[in-house]
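Here's the structure we're looking at; comments come further down.
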């Protein structure tokens, strides 16, 4: 029920930009599998390349936050933004990077607690304490 | 500009439930400072106690996710839910638990990337790949 | 810091559509006070009239849900949509219609609980129980 | 899996308000097809009429913004509000009004970019530059 | 398509915390039926118990807001947070507590009106009227 | 009240990546003014450069959607995501590209209508009409 068709491997082969991104996804992820997000995005080859390059630079580069934590942060944002596909694909990715059931349970507890206090703060319109002001 | 008044220490002293929570916040956090969220919540003593007990059980108990990561997940949810006060108070809390500027920069990059792909997935209505289905 | 200027009474008097809506607001609410929402909307007289007529037909007509409950539902939606002005103006309106501090505390507790379970359900991607399906 | 039943043509014929709106939808859109949104809304005849009249006055009246641009703005809001049905029906409507694949690709790129910077701004709590203040 | 498996009665029987919560749900609700939300949450027994206890204390305790109004507020928040399962399960719960079709129609009208003015206020950036400031 | 400090011109001059982006912003926009969003982002030079390059490629390149329409779509997303700063800065940008008051009024009417029907669709859980399914 996508709003665009999903680009098959045969169709990808007819556009060098799409083909190059699909090749890179397969090389980086060490699997032949390409999930539907990329097949949908491939209708706009420039957008596909920009999004993949962006994702690689943020998620696949070594940094100060470890890969599993990155995936858990991704799940947190995707949950608050109500993106079902994103929640499911990144929960699978987090498990592949070592998320245990205990960690999943804690992650959900933190997300749920934050959502609860987010709504309380908004309903109460809590004024900022001066101590939290970086410029203060 | 709160929708309720902020309960002062003198007012808290007149309700044993509020006083007990304020005492516990000070003991757990090892500071005399009580931020406005709790002073606003204190208009409903039962709600104050329930929220504080909940927060303690999720954020202040040892578990599989470390305290700094918990705060970063909190920031991620609060950002997606557009809660300014929550973003500011939990960014301060994350810094107090050791978040460096490099980690903050990476955290923001992950949040921004997730928001971007959340919206792309929703606009494309990407169908779930069967491989992500836990029950499959 | 509005994105439009706020229309004064003198400016309203120069447009019969705006003047008529301002007169009607004053008559219905039995007060000379016109809050900033209507002064901002008045930059688009047709939009002002359409929104005021809509609001009157939904909020000021007798029906199966009482006026105070309507305001509490309004606060709930406005909180989840992170609209500060809306939360503040409708909390004032709910108080004017008799919302007690106890009711306000319960309202916030329900909003917070719903936000929490909304996020849990999304993170868990709970499948619909067939029994909830009206068409079933 | 709607929370109400979908009103059939036979049921619509039993309520003059519903019948009149269904007739008007068919006349304006020059098709016999009535999509499920209106069939669900028709459980509340007054709400059906109010919503249809509102939609006609905003979407079907000539104005300063052309019909295709209106549909693209509708898709943008519906995406940010995570409304799957709305995204799908208005993407179909935009295509019917001439949206090309290139335009669709650009629309998605703008939506995704805006979502990204929306989240960055919220996480950074960027203070308003005085120059953006209309009243300044 | 949940991100976790749904805990069956046989599996629940193997964990005393889960079993106790399932027993309590059945006793309080006077039905043998346990909906999928609780079966999904049961993967994290502590989270299951905390969420059930929280829900009971907010929704099943007598207070200043009647049970049907509580369910309608729940639907309002769940709608604004785009939680399909929550909308469906709490619409069923509201009907079980006496929500008529007329009330459902009015509830939807209020939710839709609030969403509309929430967006108008945000797009207009309406400044708060001093009269709404509780501290003023 | 930002969560980071705003990088001044003097501080920007000490990092070649930041300096190059600030120079480019000034050259492209033909003004010496750099708004706070970029000064906040500049705490993470790599993120600043990635975001600016991304924005340029989406917003400043000729394409099938004209520059003013792009800004109106940006406002629509930013409104639905409750980003005050984004609404204000992009409303200013849209005006600079020729948005009239009439267009602004229509834009707000479309955003408000979409928000309203988004919430109605979610509360009704309207099932997709097969005709909207691209793959159908």
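In this document, chain identifiers A, B, C, D, E and F correspond to the written order of the chains, with residue numbering beginning at 1 in each.
By our rule, contacts are C-beta pairs under 8 Å (C-beta built on N, C-alpha and C of every residue); 3 or more make two chains touch, one makes a residue touch a chain.
If you're wondering where the values come from, they're calculated on a predicted model, not measured in any experiment.
Student: Could you tell me which pair, B-D or C-E, is linked by more C-beta pairs in contact?
Tutor: Answer by contact count: C-E.
Student: In terms of residue-numbered contact pairs, which of B-D, A-B or D-E coincides with A-C for over half of them?
Tutor: Copy of the A-C interface among the listed pairs: B-D.
Student: Using mean CA coordinates as chain centres, what's the gap between chain A and chain F in Å?
Tutor: 20
Student: Between chain E and chain F, what's the gap in Å when you average each chain's C-alpha atoms?
Tutor: Each chain reduced to its C-alpha mean, chain E and chain F end up 34 Å apart.
Student: Once you find the CA centre of chain A and the CA centre of chain D, what distance in Å lies between them?
Tutor: Centre separation, chain A to chain D: 27 Å.
Student: For chain B, which residues are shared contacts with two or more other chains?
Tutor: Correct list: 1-4, 6, 50-51, 54, 77, 79-84, 87-88, 91, 107-109, 111-120, 122-125, 128, 133.
Student: Quick check: in the complex, which residue numbers of chain A touch chain E?
Tutor: Residue list for chain A touching chain E: 82, 87-88, 91, 101, 104-105, 108-109, 112, 119.
Student: Residue numbers of chain C touching chain F in their complex, please.
Tutor: Chain C reaches chain F through residues 1, 3-4, 43-44, 46-47, 50-51, 77, 81-83.
Student: Mind listing the chain A positions that touch chain B in their complex?
Tutor: Checking each residue of chain A against chain B gives 1-4, 6, 33, 35-37, 40-41, 51, 54-55, 58-59, 63-65, 69-70, 72-74, 76-81, 83-86, 88-89, 91-92, 100, 102-103, 106-107, 109-111, 113-129, 131-133.
Student: Flag every residue of chain C that touches chain A in the complex, lowest number first.
Tutor: Touching chain A: residues 75, 79-80, 82, 84, 87-88, 91, 107-108, 111-120, 122-125 of chain C.
Student: Flag every residue of chain D that touches chain C in the complex, lowest number first.
Tutor: 1-6, 50, 54, 57, 128, 133-135
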